[in-house]
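Alright, structures below, take your time with them.
Below are two complexes that have chain A in common, paired first with chain B and then with chain C.
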Partner chain A sequence: MNDTANVAIRAEDVCKSYGSRQAIRNLNMAVPAHSVTAILGPNGAGKSTLMRMITGMETPDTGTFSVLGRKPSWELNRWIAYLPDRAQWYSHHMVEHALEWARTLQPGFNEMRARDLMVTLDLDASMKVEGMSKGEEARLMLALCLARDVPLLVLDEPFSGIDMISRERIVAALIDSFSEREQTVLISTHEIAETESLFDYAVFVDKGVAVLAGDVERMRAERGSLQQVYRQLYG
Partner chain B sequence: MEEIRVGGMYFSLDLSLPLYEQVLEQVRSSIAKGEIALGDKIPSVRELAQALKINPNTVMRAYQELEREQLTETRRGQGTYITSDIAKVDLIRYRVADKAIEEFLSKMTGLGFETPEIDKLLRIKRGEAHE
Partner chain C sequence: MPKGAFRYLIKHEIIAEMGRIRQGKWIWFYAVFILLLAGASVAVWGYDENYDPSYFLFTAYMFPFMIFGFAVRTLKREWNGGTSGWWLTLPYSRVLLLGAKAIAAFVQIVACMVVYFAIVMLLGVYSRIMFGARVTSISGLFDLEAQLFAVLLGIVPLMLVIGLLIVAVRRSRMKWLVPLLWIVMGVGGNLSGWMMTGGGGLIIAGTEKELALISYPPSLWIWIVPVWAVAALLFAATVRVCNKHLQA
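Presenting the complex of A and B:
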């Protein structure tokens, strides 16, 4: 996979430290274009750091990233819908305001799609963001991301700490989204059992290194389920 | 493994094996068993992906293979239908049967039985022979 048309994200020998702690160490990976790729690994493996570097929120100390054929930057982020692991909201906002905010500030925001997603994800436009459950908030954030017509979707832990029903609604919304368009999707998650059937490519990260990456169907044929591979690697 | 029914077909997926082959195999077997009738419409890629909670690409690949085998045909703007050609379905019935026999024989061989003994056991089972 040397062709940028076939690779949406490429990392080459990326290192990143915070003080004395090495978050990412000589990480290499190539995420296939139009794939639904999982970033898997235990807490502290470097998954969120990786995603923040892809979206230009952090810069590598050494090594390079190529995202959609370019260097990560604020400018490039107009082509990326990013769901960070920790959301920040203006609590007085209503869902309606969040939609307005997205319409004004988010390039490629498709309001009709957003309204459809609100129905799928069981959200009401008149709800106040303050007082929302964690599950509702996650569904709102996801709706805003999925409503953008952009070539890359980056979701950092979209399922963590979310109730089963919200999780099922999110999975259903993702499957609809995958059926509708060609988009590269990168998802980091701990909920492997519930989500592994969604992925076609997986990258396992451990202590800042990509220890295993490949086509998920081939992993199933050669080593078993992603859950089994996870246990082999980290157990 | 949970069994999921989608439009007359039954699926039960094992995440430790390639999903594409399982979806393909299970649709073929539904056709061979007549769980889904000749000329019937099958679920759309999206419907099946939603029901099985799997990547639509996986369903798409399986559907493309079924189409290549001429077991299904896609009518523009209408969806995908099972062939109404009984000869094609019969061919699949024999192929599924052949696979079942192979699995049976490999299990029997694994238990240490040889062909004459297996034949005898089958005749006994059918009431044509005595122990």
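Presenting the complex of A and C:
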């Protein structure tokens, strides 16, 4: 995948350390544009560091890293919808305030779409964030991300700590969203069984290295389901 | 930048702080307690020959420390509330993001100062009615308040920026600088106190005659220029830390 137009995210020999701990080591990968890509790996594999690099929150120590053909920066974030890992929403907000926040601060925010998503995800505009369940809060944050008309959507552990019903609702919303638009989507998750059907491409990361990457259909044909591949690699 | 985004960021910070005040009933308990204490002080202490309402202005020393606290809270809230990921990935420069927080904290401290000086003025009016010409005149007290207000406006940006810097450094790979910054904060606090007493040349006196002589020395206003320059440098340092050195 050498063509820049066909590659949304490219990493070449990227390294990132925190003190003596190497979070990313010589990472090489190319995420195809307009694909739904899974970033998979055990805890501490470097998935969240990679996600934060995409949004410019972390900078590589060495190597070349490009997102949508450019170096990550705050300017580039106008083209990226990002759901951070372990994120919460502003507790003093109501859902209506969250919509106002996104409408004012997030370029490409489609309010009509957000309101539709809120209905789909069983959220009411008058709900207070303080007092929401973890699942409701996660659905709110996901709706705000999915409602953005941007070329890149990055979801870091969108299902972490969420009950089964909320997970199912979120997956259904993701399937609807991806079928309607031509976005590049990157999702890091541990819930492989429930989300496997979403993915076109997968990158398996271990100790900061991309140990396996490729087309999901081909992987399935050659090695079995993503869950089986995961077990083979990390089991 | 979408129209009004910066203004919205400032409003967002102020609303978050107001929500905290509304929810924290204990804040109102303290406010009522302090007001009762001030009222009781005037009622009891007022009959002492040496009493003067301008003495209440010594409590204005709290403001440099209050703004430091506001600044710490406004930035710390992003990490403690789990919203740092949203805030840091907004498509605006760190100068704007931190600037909005700084302005919001500044607006809050100015509001607190206005309320504070109004309350002291009310105590001054009450004292004048109760105790006559023995205490500072309304115009004398107003003059003193205006000068102190101006000096505080000169000082608070420094303490505000030190607060932001401490939180940013605490969340960075440069944590080891935190103790040093607490020392800087201590120096800033002392400098504030020194400036509020007009470089040691101002004594808040108890009689109208003496108060008429009170005025901050002109050299003090010159001090505000280097203080703001240091504040600007520390703000640039905070931006740099948030740009390059934040830790997950």
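Note that the second predicted complex is superposed on the first by the 233 of 235 C-alpha atoms of A that agree within 3 Å, B and C clash if a C-alpha of one lies under 4 Å from a C-alpha of the other, contacts with A are read in each partner's own complex, and residues count from 1 in each chain.
In the analysis below, a contact is a pair of C-beta atoms (placed from the backbone, for glycine too) under 8 Å apart; a residue touches a chain by one contact, two chains touch by 3 or more.
Everything numeric here is computed off the predicted structure, so don't read it as measured data.
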item: Simultaneous placement of chain C and chain B on chain A, clash or fit; value: fit
item: Which of chain B and chain C A:36 touches, first, second, both or neither; value: first
item: Cα-centre angle that chain B and chain C span when viewed from chain A, reported as a multiple of 10 degrees; value: 160
item: Partner chain in contact with A:82 - chain B first, chain C second, else both or neither; value: second
item: Chain A residues touched by each partner, larger count belonging to chain B or chain C; value: C
item: Chain B versus chain C as contact partner of A:52, first or second or both or neither; value: second
item: Nearest-approach distance, in Å, of chain C Cα atoms to those of chain B in the combined model; value: 28
item: Common ground on chain A, meaning residues reached by chain C in one complex and by chain B in the other; value: none
item: Residue ranges of chain B touching chain A (in the complex, touch as defined); value: 13, 15-20, 45-46, 49-50, 52-58
item: In the complex with chain B, residue positions of chain A that touch it; value: 36, 171-172, 175-176, 178-179, 196-200, 217-218, 220-221, 224-228
item: Complex contacts: residues of chain A adjacent to chain C; value: 18-19, 48-49, 52, 55-59, 74-78, 80, 82, 84-92, 101, 104-107
item: Chain C - residues contacting chain A, complex; value: 2, 4-5, 8-9, 12, 15-16, 19-20, 81-86, 88-94, 173, 244, 246-248
